[in-house]
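The following pair of complexes shares a single chain, subunit A, combined with subunit B in the former and subunit C in the latter.
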Partner chain A sequence: MTRLQLIAIRLALLALVLGAWEVLPRNGLIDPLLLPPLGDVLKTLVELLGRPQVHEAIAVTAAEVIVAFIIAVPLGAAIGVAIAESDYLGQIFKPLLFYVFSVPKSIFLPMFILIMGIGFQQKVAYAAFSTLFVVIMSATAAVESVKADHVLVARSYGATRMQILTRVYVPSMMPILLETLRISMIFNFTGVMIAEMYASRTGIGHLISNWGENFQLPQLFAGVILLAAVAITFNETVRTLEHRVSAWRT
Partner chain B sequence: MMRRPAPSTVRWVILAALLVFWELFPRTGIIPELFLPPLSKTIAVLVKDWREYASELSVTLYEVAFAMLIACGAGILAGALTGGIALLRNLLLPVFSSLYAVPIVILYPIFTAWFGIGSQSKIIFAGVYGFFPVMLTTAAGIRTIDAQLLLAARSMGASLPQQITRVIIPASIPTVLSGLRLGGALTIIGVVVSEMLTSAAGIGYLVTRYRTILDSPHVFGAIVMILLLSIAFDTLARAIERRTMVWQTAGRRQKEGERVDVAVKPATAVV
Partner chain C sequence: MTANLSVVRDAPARAAIEVADLSHTYAGREGPVPALTDISMTVGAGRFVVIVGPSGCGKTSLLMMMAGLRHQTAGTIHIQGAPIDAPDPHRVGVVFQEASLFPWLSALDNIEFPLALRHAPREERRARANDMLNLVGLQGFGARYPHELSGGMKQRVSIARGLVQDPPVLLMDEPFAALDEQTRMTMGHELLRIWSQTAKTVVFVTHSLTEAVYLADEVLVMSARPGRIIDRIAVPLPRPRTYEMMATDVFGRLRERIWQQIRKEG
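Moving on to the complex of A and B:
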């Protein structure tokens, strides 16, 4: 089966799902109150995107996501590299971290609220906290993926520390680093969404949970489509980059 | 130079220090008690109101059990189909890994609108939450079975059911189990998060209810219960995995296996 055929079938399936979403509620096979037809949802989406209240919510959410990302990624990467490079630290912290990974971070959300209230700071702090651990884990994996042989060869040819870093470590780690960025963004985005849905005055997550509570399903579906589209677009962009740089490994 | 203490000693010291700080910092007022009630107070609350905690915990456990059934059943089935059949794999696997980027929590308001705020919406939400990792790891587990093993079985005249029961299932069990561990952890979180967001029962509901009235010791009591629950589940799942470890090295293409491992691992942390 060629790539083109696969893409054609995938598009056909997508069209089928979207078509069913439009037709079934219109014919009354599914209650349109529970699943508004796709056409109505898209119309609502366009209308929502024109509202200043929605613009403001998008700006707040975007700012929270970006700031939390900027805090969590370098911090997590530094801790992860320290754990991977030092045997001693690794032996101490790796078993502890395994347990920390399996613990739901969201249960600490009330603690963030008790300490910081429900504003911008609290969203950023919680999202950074919930992202930090996945960054640590991926950074550790990235360092460990560097082949010791390559470092040894570089050193025997007299490469300086700087050269080993830029010529061996960075190229070997690049694909995993990008994957780290991609996955931490997923966690980060989820963190911001949970925090906004849980207790907030603004932001897209707050709007979504409000629409759900007030049974405004066209608005709710429009919001979900918008967020899903943003998340998938970011993810696919980074994935394309990942494929491009994985040629450096081998 | 002084000899460094053994790593496990340091680990226990860190844990003990955390517990001591948890008691001392709030007591001495370094951290206000509203932010972090002392350990002893939290435990006292748990002991005093154990009836309430136990009854809410039973609601949560009931929801977790059903959600795990959905996540594991549907996840293993979908994973086996997409991993085993080349057409489905090429067609759907990329789609599923794209969808994985969407924060599933934004679907929860839809589920409450459809199924109300009772247990049903939690079970379905947490089931969906745990479904993806189970499905993706099962597909990976089946894909990385050594083709030589299947070839050998086939040349000795094994029928398809025999190939499935004697080769495919034993060879994929270790990977599937690690998927179940992750999926199980996620269903617990799914249930707790959904209870925290909108509900009228369950341990997550206790967290939210006591937070709104600023009763920190009760909030931390519930947090401790959830921590114990997820650690107990993780320990149990790891113990089961270790027992089946023997099979792990048997039927795996090493190179492929490594790659898949790296791809699956980062997702094992939990929001």
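Moving on to the complex of A and C:
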């Protein structure tokens, strides 16, 4: 199959799903109260994007996502590198981290609310917490992907510690680091959404949860489309970068 | 093309490599383990010396010590008349076993790597790396990445990288071990051509006895651990070496003599 054919088939599939979304509810084959036609949803989306209340919610959610990301990624990366580089720390913390990693983070959400209330801080803290472990794990894997042979080669040509870091460690780790960025954003975004939907007075998650409870399905689906578009855009941007720097990994 | 590469050195009065009373012991689970004992060897400038020995005899360790990458517990190593205790790319180039190229750099960038470390000007780096690429017979392959090169080509790039700073000494740690037999013979032959054009002093570690006799001026045979040098065999075959020499009695007898030594150790 050529690349063009593949793209054509994917687009056809997408058109089919979107077409069904538009046609089936209009014909009454699906209850339009449960699945409003796509056209109505898009109209609602445009209308929502004009409302100041929605602007504010988007700004709050975006701020929470960005701050949590800025906290979780460098912190997790630093811990991950420390654990991978030090046998001592690794032996102590690795098993513990694996245990915590396996536990669903959402069960800790009520504790965050008890300690921090339901404001901005709590959203950021919970999202950072739910992202941290996957960053630690990936950063450890990134360091372990550096080949001892490559470090030896660099040393044999007189590389300084700094040169070994910038010319061997960084390029070796780059593909996994970018992958980490991508995956941690998925966890991070999910964390903020869960926290907003569970207990909040503002944010997109809060709006979506309200629309659901009030049976406002066009608004609910408009919110879903908006968030999906943002998430997919971020993911694909980083993935393109990833491809570019990891062409050698074959 | 390669005339400027074969730097003619004034024949040095002393040897290029001198190892004296070298021993090495490392800390094992049940106390110290002797790895190398009483190694003394001298390699004259421009000579090609091959070290063979059973697996785990410490021949790679010995080579790493000559490269300044590991420290022996006793004894001294002099390279070009001065002791070596840290890597010195101006005196020693190292060619490692397979897969030591950086996969994220093109062939040319891999060859330039040692020059980039000391911030050589970009044009000089390029020119020098291109000369090396030609020397190892890879004209036109500079833009390729390691995963786009065959095993033999990768080792040609490794050799070019080892030579790019024009060090008088080249240390080679089983560079052709991962290649198929045919490529291996071709690469051995190529290495001799490059060696004769550049006049380097080479120490070459290998498992292959045929390769050892084919390449060497002198073969050093090491014992099983703790490694000692148990035999030094001069190879009187004329240069340039040819594949036909492998079928001669002299070649067979030398190979047999080394094999007998190593078998006793196994």
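Quick note on the criterion: the second predicted complex is superposed on the first by the 247 of 250 C-alpha atoms of A that agree within 3 Å, B and C clash if a C-alpha of one lies under 4 Å from a C-alpha of the other, contacts with A are read in each partner's own complex, and residues count from 1 in each chain.
In this text, contacts are C-beta pairs under 8 Å (C-beta built on N, C-alpha and C of every residue); 3 or more make two chains touch, one makes a residue touch a chain.
These figures come from a predicted structure and were not determined experimentally.
Of the two partner chains placed around the shared chain by superposition, subunit C is the only one that A:171 touches, whereas subunit B remains out of contact.
Touch criterion met: A:156 reaches subunit C, while subunit B stays clear of it.
Contact comparison for subunit A: of subunit B and subunit C, B touches the greater number of residues.
Once both structures are placed on chain A, no subunit A residue is touched by subunit B and, in the other complex, by subunit C.
Subunit B contributes residues 4, 7, 10-11, 14-15, 34-36, 87, 90-91, 95, 98-110, 112-114, 185, 188-189, 192-193, 196-198, 204, 207-208, 211, 214, 216, 219, 222-223, 226-227, 230-231, 233-234, 262-263, 265-271 to its touches with subunit A in the complex.
The part of subunit C that touches subunit A in the complex is made up of residues 67-69, 87-89, 92, 94, 96-97, 99-100, 102-105, 113-114, 116-118, 145-147, 165.
If you check the complex, the residues on subunit A that touch subunit C are 147, 149-150, 152-159, 163, 167-168, 171-172, 174, 245, 247-250. Those residues of subunit A that touch subunit B in the shared complex are 1, 6, 9-10, 13, 34, 88, 91-93, 95-96, 99, 101-111, 113-115, 130, 133-134, 137-138, 141, 145, 176, 179-180, 182-183, 186-187, 189-191, 193-194, 197-198, 205, 208-209, 211-213, 215, 217, 220-221, 223-224, 227-228, 231-232, 234-236.
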